[in-house]
């Protein structure tokens, strides 16, 4: 059954070396939990961006939590390149597994269905394929002359984390139109969710809310974290703080600047959200 | 460049010019999709829709306005795979003369000299969307290279590869080029006002075809500019408020 | 763009011989449109049940509209076997392509992704596989010793039809938790929807309704049909009429009885819903 | 059969007996899923949950009550493929001694003498759910056959086939059997009160193992019956109002 706990308990559920999946910066990213992970000094994560990331990945990389990064892209969007990511790849500090958005979605769908692989169109001739020893180009296995196609092995995350505006007391979590969160949770071994509020309701009891709900069946633990996506936004609830992200981009351009940011916004403030 | 165009050129911003240029490429399309961080292509698509009386349909994946997708992050790619998207836009930190694009890094791999964000969805979208428009505001030898250092997505594919889509045009800050998959080469279509064929050649790292007569890219007319600064500015502000404020002076009222 | 038309116009959009997909009896089945199809004497349908069907398939089969039926099962549920279906298979009047629920879902997902096939677990050793010349058993194509696995070619319906409680004026259609309808629409070349009401709203404008909405992008045409699922139910709106279905099962047990039902409830009543 | 059991047997309906028998097989399970048209297994799962203080989790795909699935018709099968379902129920118009099940038809294929509804999800669920309980209320040579006419799903698979799941038990109107995938045979576990081993043998078309001592299937005790007729009746009525009315006399208040 779904466990209701505090942020540090939640963060303790992510073991060193875990394959941790995070959604893009616009998709309800659990920044408070990310900061809690950094505070607990998690190490050697295999971080999977589904399919891209930004501030969350950049901070985890900068803080030395990431061993391998699999992503279609990492960027701070309007605030420019992700400085700790670029630096870590250029210096070889992390192992980069470059992917492309639909390949990550597809590999998670394979895990969601419990099949060992799924095919995907395109890709053939991209250098992405030649650098991925897990992807396999095969000649149309149906034998119908369909030409070469790439098979992508399933990706089954150890942990999926996200932040939602609302859970109910039964552990059901509202995901709205953020359906990538559902695929991620289905594919993962465990799913940890921070929320703004826990409501005394049953989201599954009404067709209108059920449609946007991830059932507690897939939710390992829920922790309350008000403002838990800040300084990123929570679509429909609060806007991201673009000034904060721009200031981060500037400060984190150097390793020293990033350390300052970390000390001030993360390590120095165990309980407070950055904003 | 003639007098009229110089005068016209003075009346619009570089962004407005590029928007109008891209919009012109969208006539007749049924469905134009716009990826993340693409305010200029986004405005172009919205302008084309306005001029077309509601056609093309425009889908912007960033934010909730003009965003029909309710099946998660994969839907854009599924939708393209279904053949429902006629036009999409891709950039390239490097683009070469074969229309290969590189969004990954300059220099070696996996440890490039300069790392870019990554390939995004290009390795699928470039294959399945019939009309991919490459958009590279910076027209320089740094971007338009002889050969990309990493192929995020190839410009063309051998015949045995299923590929209903691919690049058809390249819009830069200097010119408009068309891409021919048969010859695997770009051809200069028009040069933007205030610039010359020589300038395009000097700033392009790859070889391309130049017809005898290269017209000037027409600037946006007054009607289009008016539309852009009113209806389109208000519409794009729902997705890109900062861009709308900077380019059109459009302030969003929450 | 989505077209708003009447029921007969909608039915005219289903050509003879079309691959027509229908959801199960509990999933918002467009019975009024099915009756309109029978009235327009559609012929040679390749009917795909997603993944099972009941009254809708039985009536189309009984009325001679179906050439081939692909389904994991056809049954009237509590009302017993589907009599026209059983009779047609036993007499060889229709070509039966037996499937299994997850295979039909998977083949539609392949079409949804635009890939030529998808793998599915299980199946190996079932007689379903030996009777399907389109399914292919291959040895783990990743070459990792995963053993035999079945590849299912994509199914791309020509037409998907369903009944929904509500559309908005933009052609967006509420599907609630009936997500199979979304997969079907994504996979299909055209999607025809009957609705109880057309509302002057934009379902996509609000995160709460967007989560349960199929965008007009995928909707070819909408027609108003009040009570359009009757005598089946529309979950959350009206219950199925089990007495009607039981009476149908009894009457349709013979070809003559079915003809009587058809004359009375379908052909004799062009505009009225059976109930 | 002893006196006490005869007395107990008189106090419950056949459905209540089968529900209690199946519920006894669900102890220790984490998640029991119930397919369409399965009111007796549904009641058994709800009873086990009540007795287990909320465990096992019970998911019923029919209707909206106790139904956690919000990702469409495929979710039950995806969920099973993920290994999240520990117990599932399957029927069989024919079941043979190798636990092969036939839901398609008796006689030839594709034109059977007698057509059944079809295989439903059996051809996947039988492979991936660790504990599949076969439920066949009619214990007869018509249902329990020597060899099924069509294999909707095989009882066992060769070692090269990935198969984390399969049949573990068969509950009929006469008895409870266990299935051993290693020997590919059923073994009689217990015979329901009022019936005999001979009767089971006479009505079974396949050979099965019979231990020296065959116990009687215990009837439900008074506590369980009381639970069934109150809490479970009210709960199952949300999914199967007709069944609840017929078996428990439970009238649903809308």
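Chains: A, B, C and D, in written order; residue numbering restarts at 1 for each.
Note that in this section contacts are C-beta pairs under 8 Å (C-beta built on N, C-alpha and C of every residue); 3 or more make two chains touch, one makes a residue touch a chain.
All figures in this text were calculated on a predicted structure; none of them were measured in a lab.
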| item | value |
| --- | --- |
| Those chains which touch chain C and also touch chain A | B, D |
| Distance between the centres, which are taken as Cα means, of chain B and chain A, whole angstrom | 29 |
| Approximate Å spacing (C-alpha centroids) for the pair chain B, chain D | 60 |
| CA centroid of chain B to CA centroid of chain C, Å | 40 |
| Contacts with 2+ other chains: residues of chain A | 106, 109, 113-115, 120-121, 146, 149, 177, 182, 207, 210-212, 235-236 |
| Where chain D touches two or more other chains at once, by residue number | 64, 69-71, 75, 77-78, 81, 128 |
| Arrangement of touching chains [line / ring / star / complete / other] | other |
| Contacting residues of chain D [partner chain A, same complex] | 31, 54-55, 57, 59, 64, 67-71, 75, 77-84, 128 |
| Contact set on chain C toward chain A in their complex | 106, 109, 113-121, 136, 138, 140-144, 146, 149, 151, 153, 175-177, 207-212, 235-236 |
| Residue ranges of chain A in contact with chain B within the complex | 23-24, 26-27, 50-52, 71-75, 77-78, 81-82, 85-86, 89-92, 95-96, 98-103, 105-106, 109, 120-128, 131, 146-149, 177-183, 235-236, 242 |
| Residues of chain A touching chain D in the complex | 1, 111-115, 172, 182, 186-187, 204-205, 207, 210-218 |
| Chain D - residues contacting chain C, complex | 36-37, 62-64, 69-75, 77-78, 81, 103-105, 109-128, 150-154, 157-158, 160-163, 242 |
